[in-house]
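Note that chain A is present in both complexes that follow, paired respectively with chain B and with chain C.
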Partner chain A sequence: MVNDSGQLYTMEGVAAGVIMLLTAYIVISTTSIYTPGDTHIPDMQLEQLGSDVLAMMDTPDREGGTSQLVGFVKNGTETCGGNDLRNEFLTNCKMRAGDEDTKLRAQVYLSYRRTDGTVNTTPLSLPDPEFTGRENAVRVTRWVQLDGILPGIPDIEHSSRPRAVLVEVLLWRA
Partner chain B sequence: MACMNEDGQWIVLMGLLTALGLFFLALIINQSALVGQTTAEGVLEFPKNDIRDLRSEIFDVYDSYGTLHAQGRLGDVEEDIIRISLERKNAVVHFGNDTPQDVSGRDLHPVTIHYNNGVTEYDEIVYY
Partner chain C sequence: MSLDFLAGFTIFMLALIMVVSMVPGLLAGLESSGIDYDAVAYRTGVILVEDPGWPVYPPWEMNDLAHKGEIERIGLAVSKETPNILLSTKVKKFFEEGFFDQSDYRNKAIFGDIPYSYNISLNISHPDGSYELKRTGDPLPPGYGYIRRVVKIKEPAVAVIGSDSRYNDTTLNSSILRTFTVQLNFNELLDPERGPAYRIDPRTEPVNVTITDFGAYLPANDEATLQSVTFWKMDPTRPIPQFTRIPFSYDTEDSDLYILLLDEESCNLKPEKEVANTISLVLKPAATSLFTLDQNSILDIRFVFDDSPDPQRTTLNGTYLYDYDNVPLSPLKPGVLEVAIW
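So, the complex of A and B:
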């Protein structure tokens, strides 16, 4: 059955095979394959979502008004403060078509500068009981300008100077 | 090759083809582990939102420039932004404004913004 003739056909066959494999390789490499390395992409999307929601909450309803975010931050840890900020933030995050995203969690922190130059960071919302610290959380931030005396914010000096503070939100899916 | 046993050429040929095929498959699997990672990392690493937020905050500061300047509190707010950026965002930030200039018939302040977090450096002069 096997003889010496037809090597040219064989070579042609090999060449055709290599071309087909190359084609298959090019076709397959154009589509993406979901791998563990791709978990960065949901993180990226979560970060963008959080940033957008903070930016939206920091936009005043009318010219010259104060934004919702400033209103929450001003009250610090008191009523209508950090916890309500977190709830409102999460409600806004979930306000889109599709999945209800009930696993979304957030924690709000506030950073401000004291007179001695140190920067103090304090949690504004009550700690999430399920938070272990090992969650794949992303951090989104927003600068806010405050004025006046702010008794609701822990450890802040009670001088009524205009100040810029940083709202930090840790956002993760449980 | 002459005078050697020439049986089994098909097996050798198929073996060669299978080896080539496996080689390409291995190449694809090797690549797939990195698909998207460098892209996503590049995007996550680039502080787009930080820079946008900083810009809008600086514009907010210059919106209330008159009031802050009259109270002598401009420096306080500036230092807030610089110190908190360094402490919480690992970013060296500097900004300032200059005397207003006439730009197309409007008096606008040239505002310089500098941002550097060690990976990304951003400098801007914007007429605001």
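So, the complex of A and C:
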């Protein structure tokens, strides 16, 4: 028995089929799917590079010597300690077998305990003029142990004991 | 059930089957060929930079071509406590042309069942601003996995002995043989208080002794005869400690074990030759391992000068302590190790 209401089933079937096929086609043809598994790789490489460089800058070249990193941090914000630190950090990061990896940029911050007991975080290097805050930057840190009087670091807690400060570097590819 | 319903349902089912058959293709897009290579490159980088390799004692780099099979894993670190600090002797062996072949790099450093292609390079920065590039592997294609590790390289210490009044003994009778001793006290050198990155370890690094100004020890002559160079050892923990001469093939020249240069001329350890300006000895760890020394031993390297029956011509005599006070350690050199895998 064929009537008008029966044709509706056929049309529904066709419509549902077309919608499903279209959906599947659109999903598949969407250009490469960027999975979380992919995104972390360049980040991981940068992070490894940054933490290697900080570790090596914190390794004295001679037994009992002062490491480069300690020297730069001691100079602090008042003199050019922070900028020198960034430049040396980037020189180490950029080194490779062929040409230098010139696209790397960095920004250095220092966190320490002040006389009043609060923790202060201050930029150690001058701000990068091209830094917008939207860069896909990685953060690498290293605790550095400092002795003696530190006039370069404003309002740092005075103590006869060694003090630990946190050097934090934002590293990104321009 | 109407025919129309059947037709509609059939079309729906057919479309559903088509969509389901597309699902594997949908997941295929999630695969990434880069992930594996980057992971393998990272793993290889970690093995090379953070691991001293296996075997550790005697270290793998002391194996010659005939004993290459005994090397199980190639690592370049000074020790497992000092990641990123590489030992120059390991680096030299790793990049030595003709020592390791492709399958060695794959089986002892890269690992894995797939025969990966690789390119491993180390760029060392020298204090004078120059760079030294060491490289092994094939040229890089597009789409390789990559890791870059920043490292420091530990070079062996060199004892440079110039004109020094402590070893210039002018009071000795002219008939007595002149003996200049370079003494290595392993107990002191291998002091565990000292970090492995700043240690003189004759078991893993060559012992370098260079007498640069031998002329200063020749008061009235131009030359003196170096009779022999011998090795002696003593174990102070024994009841009656005394030095004993170490049996060694002194009259066979072997650059894998030692290099003795008299005025830039290579010779064996019984040279009986006249020397005027410089004496240089490099005693390699392969030789030191033959001496069966432990961490309490004292090793003497004795340079004996003898011009008899003529009167002795040199005044070089005494004992030079090869220790941290006299022998300056070379500063660590920065470098960058890159691993590319595809």
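Quick note on the criterion: the second predicted complex is superposed on the first by the 124 of 174 C-alpha atoms of A that agree within 3 Å, B and C clash if a C-alpha of one lies under 4 Å from a C-alpha of the other, contacts with A are read in each partner's own complex, and residues count from 1 in each chain.
One rule holds for everything that comes next: contacts are C-beta pairs under 8 Å (C-beta built on N, C-alpha and C of every residue); 3 or more make two chains touch, one makes a residue touch a chain.
In this text the structure is predicted, and so the values were computed from the model without any measurement.
Participant: Under the stated touch criterion, which partner chain does A:G133 make contact with: chain B (first), chain C (second), both, or neither?
Facilitator: A:G133: touches no partner chain.
Participant: Give one of first, second, both or neither to describe whether A:L166 is in contact with chain B, with chain C, with both, or with none.
Facilitator: In the superposition, A:L166 touches chain B alone.
Participant: With the two complexes superposed on chain A, say which partner A:V27 touches: chain B (first), chain C (second), both, or neither.
Facilitator: The answer is second: A:V27 touches chain C but not chain B.
Participant: Looking at the overlay, does A:C93 come into contact with chain B only (first), chain C only (second), both, or neither?
Facilitator: Second partner only, chain C.
Participant: For A:D61, is the partner it touches chain B (first), chain C (second), both, or none of the two (neither)?
Facilitator: second
Participant: In the overlay, answer first, second, both or neither for which of chain B and chain C A:V119 touches.
Facilitator: After superposing on A, A:V119 lies in contact with chain B but is clear of chain C.
Participant: Touching A:E12, do we find chain B (first), chain C (second), both, or neither?
Facilitator: Second partner only.
Participant: In the superposed view, which residues of chain A touch chain B and also chain C?
Facilitator: Shared contact residues on chain A (touching chain B in one complex, chain C in the other): 2, 10, 13-14, 17-18, 21, 24, 28, 32-33, 35, 37-38, 41, 44, 48, 55.
Participant: Touching chain C in the complex: which residues of chain A?
Facilitator: Listed in rising order, the residues of chain A that touch chain C are 1-2, 6-14, 16-18, 20-21, 23-24, 27-28, 32-33, 35, 37-38, 41, 44-45, 48-49, 52-53, 55-56, 59, 61-63, 92-93, 95-97.
Participant: Can you check the complex and tell me which residues of chain C touch chain A?
Facilitator: Of all residues in chain C, those touching chain A are 2-5, 7-12, 14-16, 18-19, 22, 25-26, 29-30, 32, 34-35, 38, 42, 83-85, 121, 123, 125, 133, 135, 146-152, 194-195, 197-198, 324, 329, 331-332, 334, 336, 338.
Participant: Per the contact definition, I'd like the list of chain A residues that touch chain B in the complex.
Facilitator: Checking each residue of chain A against chain B gives 2, 4, 10, 13-14, 17-18, 21-22, 24-25, 28-29, 32-33, 35-38, 40-41, 43-44, 47-48, 51, 55, 111-113, 117, 119, 121, 140-143, 145, 161-166, 168.
Participant: In the complex formed with chain A, which residues of chain B make contact?
Facilitator: Listed in rising order, the residues of chain B that touch chain A are 6-10, 13, 16-17, 20-21, 24, 27-28, 31-37, 40-41, 43-44, 49-50, 53-54, 56-57, 60-61, 64, 67-68, 71, 73, 76-77, 79-81, 83-84, 87-89.
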